[in-house]
Each structure stands twice: as C-alpha cells, then as structure tokens.
Amino acid sequence: MNETLRALLASVKSGEVPVEEGVDRIRNLAFEDLGYATVDHHRVLRRGFPEVVLAEGKTTAQVVGIVGSLLGRESGALVTRASEEVARALLDAHAGGDWNDTARTLLWGGAPNPKAPGRIVVVSAGTADLPVAEEAVVTAAAFGNEVDRLQDVGVAGIHRLLGQGERLRGADAIVVVAGMEGALASVVGGLSDVPVIAVPTSTGYGASFGGVAALLAMLNSCAAGVTVVNIDNGFGGGYAASLVCRRLAKERAK
Amino acid sequence: MNETLRALLASVKSGEVPVEEGVDRIRNLAFEDLGYATVDHHRVLRRGFPEVVLAEGKTTAQVVGIVGSLLGRESGALVTRASEEVARALLDAHAGGDWNDTARTLLWGGAPNPKAPGRIVVVSAGTADLPVAEEAVVTAAAFGNEVDRLQDVGVAGIHRLLGQGERLRGADAIVVVAGMEGALASVVGGLSDVPVIAVPTSTGYGASFGGVAALLAMLNSCAAGVTVVNIDNGFGGGYAASLVCRRLAKERAK
Amino acid sequence: MNETLRALLASVKSGEVPVEEGVDRIRNLAFEDLGYATVDHHRVLRRGFPEVVLAEGKTTAQVVGIVGSLLGRESGALVTRASEEVARALLDAHAGGDWNDTARTLLWGGAPNPKAPGRIVVVSAGTADLPVAEEAVVTAAAFGNEVDRLQDVGVAGIHRLLGQGERLRGADAIVVVAGMEGALASVVGGLSDVPVIAVPTSTGYGASFGGVAALLAMLNSCAAGVTVVNIDNGFGGGYAASLVCRRLAKERAK
Amino acid sequence: MNETLRALLASVKSGEVPVEEGVDRIRNLAFEDLGYATVDHHRVLRRGFPEVVLAEGKTTAQVVGIVGSLLGRESGALVTRASEEVARALLDAHAGGDWNDTARTLLWGGAPNPKAPGRIVVVSAGTADLPVAEEAVVTAAAFGNEVDRLQDVGVAGIHRLLGQGERLRGADAIVVVAGMEGALASVVGGLSDVPVIAVPTSTGYGASFGGVAALLAMLNSCAAGVTVVNIDNGFGGGYAASLVCRRLAKERAK
Amino acid sequence: MNETLRALLASVKSGEVPVEEGVDRIRNLAFEDLGYATVDHHRVLRRGFPEVVLAEGKTTAQVVGIVGSLLGRESGALVTRASEEVARALLDAHAGGDWNDTARTLLWGGAPNPKAPGRIVVVSAGTADLPVAEEAVVTAAAFGNEVDRLQDVGVAGIHRLLGQGERLRGADAIVVVAGMEGALASVVGGLSDVPVIAVPTSTGYGASFGGVAALLAMLNSCAAGVTVVNIDNGFGGGYAASLVCRRLAKERAK
Amino acid sequence: MNETLRALLASVKSGEVPVEEGVDRIRNLAFEDLGYATVDHHRVLRRGFPEVVLAEGKTTAQVVGIVGSLLGRESGALVTRASEEVARALLDAHAGGDWNDTARTLLWGGAPNPKAPGRIVVVSAGTADLPVAEEAVVTAAAFGNEVDRLQDVGVAGIHRLLGQGERLRGADAIVVVAGMEGALASVVGGLSDVPVIAVPTSTGYGASFGGVAALLAMLNSCAAGVTVVNIDNGFGGGYAASLVCRRLAKERAK
Amino acid sequence: MNETLRALLASVKSGEVPVEEGVDRIRNLAFEDLGYATVDHHRVLRRGFPEVVLAEGKTTAQVVGIVGSLLGRESGALVTRASEEVARALLDAHAGGDWNDTARTLLWGGAPNPKAPGRIVVVSAGTADLPVAEEAVVTAAAFGNEVDRLQDVGVAGIHRLLGQGERLRGADAIVVVAGMEGALASVVGGLSDVPVIAVPTSTGYGASFGGVAALLAMLNSCAAGVTVVNIDNGFGGGYAASLVCRRLAKERAK
Amino acid sequence: MNETLRALLASVKSGEVPVEEGVDRIRNLAFEDLGYATVDHHRVLRRGFPEVVLAEGKTTAQVVGIVGSLLGRESGALVTRASEEVARALLDAHAGGDWNDTARTLLWGGAPNPKAPGRIVVVSAGTADLPVAEEAVVTAAAFGNEVDRLQDVGVAGIHRLLGQGERLRGADAIVVVAGMEGALASVVGGLSDVPVIAVPTSTGYGASFGGVAALLAMLNSCAAGVTVVNIDNGFGGGYAASLVCRRLAKERAK
C-alpha cells in the first residue's frame, strides 16, 4: 500500500489532488491495504512474554519449524501438549528448552520478571488432575507470575482445603483444576474474593463424559464470579489468570 | 388360591383325582393363580405405610378414583406431584387429606409410628430447591421417620453447612437436595458415614439443562457412598432413605 | 459457642485448666461451634456493594421477604431475573427501587462509588442479546464501575466492531454477550489484552439449542484468555468483571 | 476522522509534513477512525435487494423502528418470523407491506427484477413443512428469482418426486425442506447436478428432537454436494440459493 | 419338580400328609421350584434353531466354554461379533464351525430347514455396511430362511434400488441396513407392504456420531411400519425378521 | 402420460414409427411421465384400510380438507394426534366419525374385517401410558385386527405381567408401550416368541428426557427380536403389528 | 427390458395387442425394468470429472478393486481418506496416481480443464485444519477449478484475514475450513457476497466434542448465506463449491 | 496454630487478655488454623476398613507410593481399576496383596470382621457385567460383609431371577449390576424391600452409549427406592451397600 499512498500524498503536496479529494480517496482505501502488521497489538500483548504453540494437531516437523521461527525473533517460546516424541525432537533442534513431563510443556526463556506481576494460586482436586494443573502453573510462571500450588484438596475432605484459606486469600487470581464433579470451583469461589478461573478436567469415568460433568458443574457454580475455560485447558486457565495479574502489574508500575 | 388347592388335594386324597392328574393340574395352575398376593412383599413393605400415587400424567378423575380405591382398603395414602386442581378435587372427594403446597403432596393417615424407625436429615442447597426437599420430607415422615430439615446451606457459603455438622452426624440416612452444580452432595458425603442419597433438582438455567448438571455432578461424586435418584425425585430420595431406616427399625425391634 | 468458650477460658484463667489442655480442648471443638458468621468474608467481599438476589425459582413472597431482610441491614440490594409481577410487588413493598425492564433487575442503593474501581466494556452482538447485556451492565454499575455499552457489533459486519477499537482498549475488563454462533468473543479476545468474560445467550433457534452453540464456541475460543459463564448469565459476567476491577481498585487505593 | 485526515493532508500539501512521514502517520491511524461505512460491502451485496430483519427476539417496538429506519433509506424491506401481533403493528405503521401468514413474513418493495437472476426450486416433504418452505420461497422471490414450489413429495412415496424430475432439472439451485428423517435431501441431491441447500425442519416428534434427526441426516447425506443450514431456517436456504443465482446473473449480464 | 410334587401328592393321597399341610407345602414351593424349564418358551422358540452367543465383552475362554456347553446339548450354535482370535480358538476347540469373516460370525449346524419358513431380503446401502448386513444374512439363514442380498443401493442413486422392486416385493420381511443418513429405510418402507426392520450402522464420520444420525432418521421414518433395532445390530435385524417368518411358517404348516 | 403413449403406440401400429424407434422413445420417456399412480402400492397396501392423517403440525382447515378429500374416494379414514379443537371441527364437517379422546384419534369406517387378520396384544406399563397404548389399539383395530389390552403391568410388580402369560402367548404380534425405564419390552420380549414392537413413551420426568430413557432401553433390549418405533408413536406400533398380521392373513387366505 | 418392450411393440404393430391394451401394459411395466442406467445423470454430472471413492470403511482390497474398475472405463479417479497402507496398495496396483499425504487423497487423471470453470478460495483457520482444507483443495482442483489457499487466518488475529480481502472478493465460491469455535465462517460470510460453504473440523479438544462446537457455530452463523457440510468433510466442501462453479461455467460456455 | 493459641491462652491465664477478649480472639481465628487433621472423621469412617485407592489416572509410581504410605500406617489397603502392569508393580513392591484379575483389584488385609456387619447380594445380568460386579463383591467383602453372587439373571429370562427370590429376600442390601437396557434394577427393586443400589455398566454397543442407556433406565426405575451410582462404578455400589450394613452392624452391636 505504501506506494499507492506515497503517490497520493505526493499529488496532494503538489496540489494535483485537492485536500478534500485526498481525504475521500484515503477513506476509500480498503483498510486491508494499510499493512496493519504494525498495529498487531497481539505482539504488544505478548511483549516480554514467550510465544505459545499448541503442539497437538500439528506434525512434529511443523512444531519444530514454528519454534525455530519464534526463537529466531523472540527471546522465548512455550510449547504445550507436546508428546514425548515432539519433545525429544524439539530439544534436539533447539537448545535450552525446559521439558516438564507432567505438564507436557517445553519452555525456552520465560524467566519470570524480577518484579512478578502477580501471585496466582493453582488449586487442584486430585492426583489425576495434576497434569492439567501443572500446565496452568507452567503457563502462569512463564508469564512472570509467582505461582503457588495447592494440591489434592478435593471436596470429599473439605478440611484439607479449609486449612489452606490463608494461601487462597493471598492470591491475585485463582485457578481451580478439578475433574469428576468439579465441586471444588464452587467451594473455592465461595471462599475468595478474587477472580476464580475454573478448569474442568477429563478425570473420571462413565458419566463424567470426558469432563462434561465437571464443565457443567463449573458453569452452574452457585458461587458468583467463577468463570470457566475448556476441559483440560490448563494453559487457558493460567493465561486468563495472567491477564488479571498483568492489569495489576500495570497499575503497580504506575 | 387356597380354596382351589384345598379342594384339589381333597380330591387327590379321596382318590377322585389320581396322583398323576393332580401333578398335571398343579403344574397347569398358572403361578399367577397361586395367590402370590401373599408373597407380594410390596404389600409387606408398605404395611403400616400409606400407599403412594404419582399424580403427574394421570387425569384428575383417575387420581381421585385411585385414591378412593386405596382409602377403601388402607388406612392412608400419599399423593405426590399434585397440581392445585387435583388437590382441590381430592380434598373434596376424600376427607382428612393434608395438603402441602410446597411439596405438592396430599397425605391421608400417615401418622408416624410412635416408635420412629429412624432419623433422616434432608439437606437442601437453596430456596428454589425447597419443593423437592419438602417432597422428600413428607415422604420420609409418612413412612414414620423423624425428619430434620437443613436448608439453604449451599456450598458457596460452606460455613453454613459446616456449622451444622452435629445434626448431620446424628442421622441414620441423609438426603441431599441440590440443583445448579450439585456440589453439596459431595461435601455432605465427605462429612458423614451414613448412606447419602442425592437428589438433583432442575433449579438453575442455561447449561444446567433442567438438572442434568447436578445429576452428573452427583453421579461423579468424589465422596464414595453417595447414590443418586432421578432429577427432582424428592419422593425417591425420601423413600430410599426410609428403606435404610426400615432395616434398622427391624434390627431395633429384635 | 460463646458460653462454652467463655467457661473454658475462665478455667484457663483460673488455672483450673492448664494452657496445654486448653489448646487441646479448643482444637477439639468442632469448628461449627465457633459461630463463623464473623468470618463470613462473603460479607467482606460485598462490603459497600448491594446484595444480590436471584428472583427466578423463588415465590414472590419469598423475594419480597428476602429483600426486606437485606434492606433492613444493608444500604442496597440487587434483584435479578425478576418478572414484572415480582417487580411490582417489590416496588410496592420497598421504596426507592430502580426497575430496569430490559435487564429485569431491581436495584436499591447501588450508587457507584465516587471513585470508580474500574472501567468495564459490555459488548453485545445483536438486539436480541440486549437483556442479557443489560443485566451485566446493571451488575457492573451496581458494584461501582464505570460501564461502557458497545451494542449491535456482531461479526457478520466486522467493521462495526473494528471501528470501536479505541473503546475496547480503554477497558479494565470486557464482557462479551452473544448468542447464535458466539464468534464475537473470539474476535474481541483477539483484539484486547485485558480479561474477557464471555456470556453466551440463548438468542437463536434450531441448532443453537438454547445457547449451547454459543457456549461451546466460547469455550473453544482460539483467543487465549477468554473465560466463560453460564448461558444468559449477564449477572455472572458483570460480577466476574467487577472482581477483576475490584482487585485493581485495591491496588489503586494503596 | 475526516478532521484529522484533512488537517494532515493540509500539512502535507503545505510541506509541513513530508510525504514519507504522511505515509507513516496514515498507516498508524487506527482503521476504526476511517469511517468504514463507505466500504460496507454488505450494502453492496444487498444493493437492489430489500433489507432483512429477523423479528424473533426483538420487541414489537424495536421491529417497527428498524423497519421504519430501513424504509426511510431503502426501497424495500423483508421481515421474517413475525408474530401476528408484530405483523399488525408493522402494517399499521408502514403502508404497502405484503403479509404472508404461512411464511410469517412481511415484504415491502421486493418486486423481482424484470430480468430474474435465476430459477430456484423449493422442494418440501410434507404439509407441516410448508411454513419453512414458504419462508424460503418469499426470500428467494424477494431477491428477484423465479421460484418453483414442489410440495408434498416426501420419500415414503418416492414416485411423487420422481415424477417431477423435469422441474428439478431446470433449476439453477434447489432448496430442500424436510423434517422427520430428512431423507428427501439425499434423494434430491442424487437426482440433480446443481447446488442443493437442505433446510431441516422441526416437523416431527419424539426422537426428531426438534429437527435434530433431519439436521443430522442432511449433514450425513450420501449425495455429495448437499449443504445444510440451521433447523427451520427457510430464510437461510432461500438466501443461499439466491447467492448462487446472483453469481449466475452477473455472468449473464456480461 | 414333577418328582417332588408326585411324592407329595402320593403322601396326601395316602393320608400321610394332611390336606392342609399339603396346601401349605405347595404354597411354600417357590414357583422357581416348579420346574419352569418346561415353560421356558425360549427353548421352544429356539427349538431346531442354533443357540446364539454374543462374543463381544466375553473372554475367549468364556466363549469357548459356552459354545462347548451348547454343542454338548444342541445340534448347532451361532456366535456373533467374534474377533479373529476368538474365531481361531473356537475353530480349534469345536470342529465343524463355519467362519464368516465379513459378518464375524461362526455357525455350527444351522443348516436351513428343507422347508424354509420364509423369504427375507437384506438391503444395504454401501460397501461399508456389508459386515452388519452380512450378520443379518447369517442370522436369518441360520434360522432356516431363504435370504436375498440387495447391496449398494444407497438413495443417492435411487434408480439402483427402484430397479430391484420385484425382489423387494417377493419378501416376507425386509431388513434395511444403512449408515450415514439412513434414508434407505424410508424409501424401502415406502415401496413395500411387509414388515421392514431398519438397522442403522455406524458407517459415516463426524456428525454421524457413530450411527446416531442413521438411528434417528430411521426412528423418524415417514414410512409407517418401519421398526428399528440398535446401531450395528445385524443380528437383531435378522432375528426380528426371522420371528415374522416363523409365524408365517406355523401358519403354512397348518 | 396416457395420451403421449397412446399416440406413440398408434404410430407404431400404423408403421409410422418402427418398432426399434418405439423401444427407444419409450425408454427415453422420463419415468415420471408414466403416471405411476397405478403402481402406487401404497394404495394397494391400504386397500380395505382407512387412510391415516397425522393432525399434528397441520392447521385445522388443512386436516378438515384432507379428510374431506379422503372420504370422497375412500370408505374410511383415520386421524391421529387430533386436538379437541380439530376433533370438533372434523366431527362437524364429516358425519360418522368416532372420536377416542384418550387416543386422540378419529375414525371413519374402519369396521374390522369380519375375518380378522390377526390377534394383537397391546401391553402397557402404567396409567400415564394409556393414551399412546390406545392409539396403538385404535390403529390395529382400524386395520381389522382383534386387539387385546393388557394394562398397568409395569415391571416393578412383575407378577402382574407373569399372571397374564396365557394372553401373551396367544398373540400374533405384541406391542409394548412403556415410559420411564422401558424395561417392560425386555421382559415381554423374553416371554414371547412373536414379533414384539416396543413403543417408548414420554411418561416420566427429569432424566427420562421426554422418553429418551425408555427409547434407549428398548433399543438395547437384551431380548432378541424386539424392534422399536419413535417415542409416543402408538400409531407406528399398531401399524407395524398390523403389517405382521397382514402377512399372516394373506397366508391364511390361501 | 428391451426384449419385453420390443416384443410388445411388435404385437401392437401387428394388431395382436390393441393400442389401449398396449398403453396399459406399458404403464404396468415396473419402471425398474426400463433400464434406467441410461438416465443415470450422475454419470452426466461427473462426465469429464474423475470418480470419487471414500476409502474409509472399505478394505484395502475393496478400494483397489473399485479403483481398478473405474480406471478401466474412466480417465480418472479420486480416492479420499486413504490410509498410507491403502495408498501404497493403490499406487502399486494402478500407475499414475498422485498421492497427497496431507489431504490423504489419491488422484488419477484430474488434470484441470484448460478453461477452468471457476475460482474457489479455500480459507482455513489453523495449521491443524490443513488436512481437511487440503482435501477441499484437491477436490476442487480435480473438478477443474482454479483454487487459491488462504491459510492460518483464524479470527483471534482478525487482521490477517482482513488483509486478504482482495483475494476473497475475487472468488466464485468460498470454502471455509475451521475447527475450535468455527467463527471464521461468520466473519468470511460477512465479508463476501458469493456462496460460502463452511466445513467444521474436529480440531480442538474437550468441549469441541470432535468438531460439534464448530459445526453448531457454523449452522448458527449470523452471516446469511453460509451453508454447512459434515465435520471434516473437506471433500464435500470442495464438491459443493465445484457445483456452484460448474453452473457458472455452463453460463460462460454459452 | 498451636503456638498462637498457646500464647493466647497463656495471656488469658496471666490476665493480660481478659476472658471476653479471649473469646473474641478465638472466634476470629480462621478455622483453617485449627489443625483439623484431628477431626478428620474420614479416618473414623474407615476405621477397621482398608483404605481405597483408584489406580486409574495415576502413574504406576504414584500408586505404588500411595499404597506404601497406607500400608505403613494401616493394616490394609484396597486398590481398584489396576492395570496388569500396576498390579505387577504393586505385588512386587508390597507383599501380601491379593490380585483379583476379573475385578482388577488388589487387596491387602481386608479380612472380614469375624462378626460380619451385613449380608449383601450382588446381582448381575450377564457375563460381560462380571468385572464390575466382582469389583462390588471385592469392595463389600473388604468391608467385612458376607457377599452372595447372583449371576447371569438378565430379564430376558425372567425365571432365572424369580427362581432366586429366597436369596434376594435374605439380603440387608442389594447391588444390581447391569448394562444394555439395565432393566434388572427395576425388576429386583420390585421384588425386594431393602435398599437396592443399581450400577449401570458399559456393556452393550451402539445406542447403549457406553452405559448411558442403562444409567438412564436405572434413574427412571419405576421401582421406588432404587438409587444409582456412576457407570461401571462397582466400587461405589459395594461401598454404598456397605454403608447400609455398617449402620445395621452398629445397631446389632448395641
């Protein structure tokens, strides 16, 4: 577009095209010709953050290529849902990656900001929910937050959770990870006054329908203010919590 | 059947009917002719209990007729899910009925046994769950149990429930009535060591899908020993709890 | 519990009960005996906020009674999902209520804090989504936030939305309200770097399945950081956005 | 935006701002400031066509207002899914509307182009499918097409359909409207070589699940080239068929 | 039971057992002791027919054992849904079995009656439906019927089916096997006047949901008289058709 | 078509058109021109039977019109799913109709053949299932069968059913009508050796999902040979049973 | 049929059969005897096009056989959804095939017509959607169209898509391939005025339910004129777009 | 907390803190500081019982570790849903385990109490239901109950069940395990007067939807008092039955 625009402005300058007509002509330029890469605030959003690649559904070669491309221009990268095969290929191709085999994530760079934007508590219900919880933890940490894990505090033994109230109350945002009946989100939501992001997991069998039971429970939470992400989406939970903290960090930075 | 059989045996004894023919005749008595009423343990089960009629799906005339038939031979009757119209017709037709307009039940007789078979706690989550909870209460009481109501103790304010632990611990059986995310069943299940029967309700909207969210949550309860009945089936919850207590009553009566 | 505790402390004071034994006894007091009303941080959470009552599923008499009870001890109250009948009864019973017939809300008090905790943009896709959007607006405003409405910017005419980027970028939190295919949440999520709370609506017909299509779309949003509440839950969206802003307000107040 | 742009161009003209800097500044203007109403190709798309308003989910006042606004600047308007109440209000408010009480549509203007862009056959399975079929017919006609109705040709009497092959073969696009098992789409798809748009209807009961059975059948059609719109979306079917014909009309106009 | 009863009656006759005691004893014979094997019309039903074993869900050892037991007292046996592993084990263990690797059935005995009870046409839509269709064919043949296969006559090429009307019209019962949109059942149902049993198959992908699309289509068939069995239940289809024919055979045998 | 064909044959006869060309011309006549009304075996099927009109989804005027048209050329007609309003209009318009307000059917003519084609038993589980059962009864009777009703024999009191074994065993075909868990179909299927057609009803609430629970139970029946029709489709059940009997009647007539 | 018909016409000609009787006899000839292979317009439809075989659900031997049969009488063939095993077997058996391992297609012949019938743009949202998009591309190209790929333009970065408006506007038909929330179809639909065929993909996890989320979103698109095919049905999308273009090509050829 | 509390009590003792203030301070201590491990009545519940570990969803190492930890402080342990790999690892690591390869359970200790708390009958429908039934048996036995197995008594051959009425009637609680249509629960429920816990299994195919058909049937049981656990949850069934018996045992022990 630059050429078109340059020529037009030259004509305006020369008087060949009057100002009013120039206004009209520019308005009629389809915006797609404006080269909006420069206003891609996604880049802004992620500035200082590692980029994120979902490995699932991509070939190993595609993931290796995308990460290579990212590391060529960014200081870090985060890959989620990597199989062991993908992980091995990535570690071979790009030095310095940190493989978390519970979360199935790889992280390059991503050292937390010296001044953490916020404190995120990731609460999980049972042992089988740990991979999803860990994905949330890795994500939240990769975006520079201080992360506290509160594990194995399912509601069947409610006192385990109640005994950790202090840690919940110190959070800027809470991620609750639970499968089966997903009741933990409601109980935590009732105990805290910060944004609670619920991550249903596919833990369970039979009528859990791969996490649907927990998802529905969380959407119907009687605790106001609980919001929900997709089943097993630990990344989404950690990312949404990071957005909350990011806002706080801006405020603190003032 | 006794008469038929007695006459037949008398004929066998007298030689009027040979043995082989007697064998044949008895074999050919359809078992339905054997007077299985005497082994109809449904009657046994309900002995001393009022009969139960589900009004929904029946015409007013049908309900009035069935109740009339019951009251002709039993000392009591319980009608559930009666509309106001049905209730009025029943009260007009059959004196002495007790109409509970929250539970939508009518009860004739059903005075609790002087010696209550058991103590049932009906726990409910919110105001909108009360009609279902009350149906469980009426049912459990109609079967002679002492019933304790624990209301408005949803998990978003978990302390309301925890503050009533003593009452929970005194129960022989617990009925938990909750809609929305149905988390109450898991929390109560984790706090008690008696049979917990969970009744999901259709309270909620959107993704509660008429009680499906609560139903699934309860089926996936992480608290072992929780069993579930149909959505809004307060009668079923109260009845199942009564069965538990009935067993105890027999034992106590020994 | 006070009596028990008072007697025990008196015994400690008198030396009748040694300190160590006192520690043990208190630890063995069931927590339910502690009268936790005083640690109900729900009240803390809502301090300065009006209380919220969901009218749906309650009788008119129940809603009137609950609101009366609230207004007796709080300076404000918010009722959601009120029918016209409930609204009339409430306005008759309790002076000063503000009835919003699009949102179907009644508000007493709820004047925004002079110093608004945050700025929330409520984006909605079409005219039929306005009632839900308005519920979010009323809720967010009742909690003291500055609220900006961005209406009728469905994705079929993407330019209507793109033309309002400036308003989106000024938000502390965004609520996106959309039915049908719910695509608006993803597009807004991609354009902003603050928490985006998506509210699916039941707008649509046929295979929208009462909002399920929009709900699923939002849960599967390719824009990271979008979180979701229940179908038609404008209150939940406004409340969750308020929680984000509340955290900011605390920071700003430092 | 005009002012900003005008001032900038004036500065370019005066030499105050060099051309290169002008290019940069314009590129950095957020596109939303460009007043994109002028590039709303939706208007282009609909040029010569009446505008379309879905009445469902809008109040009567809203529909009357929107139609008034449209008729103020366009020569025609089409309202779909109008209740009788809405229809009466519209006819009172805006003269010249044509009310089709089977299709529940109102049309102002919409006289077909003298030179019809195409020939569309709307095939329907049973009497109960007629309202949806008629909505497709009205839509297709409003966009200037010649429309042929083929009614009551359900597959249980396959010969009724086969006997009309000639009419099918003369079509530029076919809309198939069927509920229950929706088999008609596959049979028609197998008999024709033009685009077939299938519209499932909610005709049926029980396991038709409000049109889901027909919808799934159509999505799984063994006849390649069948595409599907939402349940009961006669408008969508007629509109999509019109798009096919519109393309042809452009070609013919060359 | 006969012996027990005979001895008892003999004792009654001899006076050894008084009549009243005889009445009691007979009443106390649980009906299960009455030797209801003799009224097990299942045996009657299957007389002359091979027994049927569903291999799926059983271990290889269990299947081998059950078939061994059957062949010890019957002249034939039919095993459905056998894996190749199960088939090999069965053929090793029990000589004379006939393995059909399309239908995944094994048959011992099952030679059709010289006088076939009926003529069954098994119509299938596509190549991928053949395994289910073949299971129906094997079942129907094992029960002594004459079976005609009509294959690859899906409705997208309706003439292939119409060209075989004569064969359809000669049937005593028709089994229609189809996946995807399952439209074939409606078309065949419309063309014939004998019982049509529809077998939906899991052929298809995506929104076929493992055969649900075809199942729903068949349940909603606009052709009256079509009845449906479970997805992929070729056995059930063949068996139900055999029941129809069996009735006819009885009539013919008169 | 007759004219075209007649002219062509005349030309063949006259030699104007040679035989080979005649063969070609006839083959090239689109079959739709052949006037296949004469091969409409639907008419054959229904010969001697009343025609059937589903009133649901049609306007009152449409139903009245269709019945008028039928009665003009047939001796009888059957209307199903008529509302009271439709019934009144029909009885006013067409004398001699027989209104069954349980089944919601109207029948003109339909006197059973003096020589009934078969004996059909309609078994139903509970009082609320009677409307659907009655629709099956009316349908089966309208097609000339002898129909036996076996009511209120739900499986919770299995002896009620077992006591009627003799009546079951005398059937040519059995229709089982049940809602809730639909278990009756399996039990009846296990007790009989004739075709059993299961009709799930929408009786029940909550997780019965409008009859889905019963539908699935019937499709998964462990009793081989049970086939299923749509939820609440009493007509379909009665019709399918009639088809079985019709076949028998033909055989008997030989 | 020819013989039958020839003999009949000869008799008409000879006068042996009168004209009227000839008319009757021909009308009574079942149409299936007319040898309608000659009016199989499917063949007409595909003339000049390669035939298409869905490999899924067929054995390798079956696919090899079918392709062999096709190549024996046609100049080309297209196989979709081939596994690598099937592909290898096909390439071994039939020379000249072109294997696309992203689309999993094999193509013989299929060289585009020198004069392309149309221009189709295949738009896809993410890397994981490429296999389905490629299937659409291969299909559209095999039918002779010019195909343009627009990849990785998901709505979370809406500018990537907006920047390609020119390419969209040059299309005769557009295929949109997207998984997850499927919002791309609505945005593209809003930006274009040609038929848009949406192909939902199973890309995603959890509540995407194997593509259902995208499917529902597309069916509920707020952009009028979007039509939908089955999940992952790239072939169907490419085929439907080809039908649109084919119509244009005929027009252009005039 | 002990330190805080100890210091506080010391201050009360010393008079430094008055009693009233001490009462207040303690009430204000968040309950989580009270170290509620000592009131974990879960331990109370399970006293004398082995602990239960669900192996599914945990790594082998995790299961081995948890069991090691349990056996270090308890006399027994029960592991459910162990794969063979997990079982081997456990048996290697911890001597004395009893592996049940049908139930897929491992049990350490768990010798029944000499005085059994109750008699539980586990009724199962078919051979394929045995693994789930056996899990219930192992669980019930591990908790000290006498367990009676009633196998292969599916409702298609109702006499097999009826013949075992005596055994049913001797039960304190009954567990019914059935897949497919799950009708067995209703029939057993109708025959007994003790609590019946229904366990749906995933036995079946097609429209059994992995056990959903049986689950829904059981939830809709027409036999009052039947309660339900999750699909394939044999453990839950056995555990709930144990809770019923445990209550009885307490009564008996009085």
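Observations on the model:
Letters are used for the chains, namely A, B, C, D, E, F, G and H, taken in the order the chains are written, and counting of residues starts over at 1 for each.
Here is the rule we go by: a contact is a pair of C-beta atoms (placed from the backbone, for glycine too) under 8 Å apart; a residue touches a chain by one contact, two chains touch by 3 or more.
None of these values were measured; they are calculated from a predicted model.
Where touching is counted per the definition, the chains common to subunit F and subunit H are B, E.
Between C-D and the choices C-G, B-C or F-H, the pair with more than half the same contact pairs by residue number is B-C.
Looking at D-E and E-H, the interface holding more C-beta pairs in contact is that of D-E.
The centroid of the Cα atoms in subunit B and the matching centroid in subunit D are 55 Å apart. We define each chain's centre as the mean of its Cα atoms; on that basis subunit A and subunit D are separated by 39 Å. For this pair, subunit B with subunit H, the centres built from the Cα atoms lie 24 Å apart. Each of residues 31, 42, 126, 156-157, 162, 190-191, 206-208, 212, 215, 219-220, 224, 230-231 in subunit E touches at least two other chains. Here the touching chains pair up as A-B, A-C, A-D, A-G, A-H, B-C, B-E, B-F, B-H, C-D, C-G, C-H, D-E, D-F, D-G, E-F, E-G, E-H, F-G, F-H.
Of all the residues in subunit C, the ones that touch subunit A in their complex are 31, 41-42, 44-45, 52, 162, 169, 172-173, 190-195, 197, 215, 219-220, 224-231, 235-236, 239-240, 242-244, 246-248, 251-252. Here subunit C touches subunit D in the complex through residues 126-128, 156-157, 159, 162-166, 203, 205-208, going by the rule given at the top.
Taken in their complex, subunit B has these residues touching subunit A: 125-126, 154-158, 162, 180-183, 185-187, 189-191, 204, 206-209, 212-214, 216-224. Of all residues in subunit B, those touching subunit E in their complex are 1-2, 5-6, 9-10, 12-13, 15, 19-20, 22-23, 26-27, 31, 34-36, 38. Within the complex, the subunit E residues that touch subunit H are 30-33, 36, 40, 42, 56-58, 62, 66, 200, 202, 210-212, 215, 230-233.
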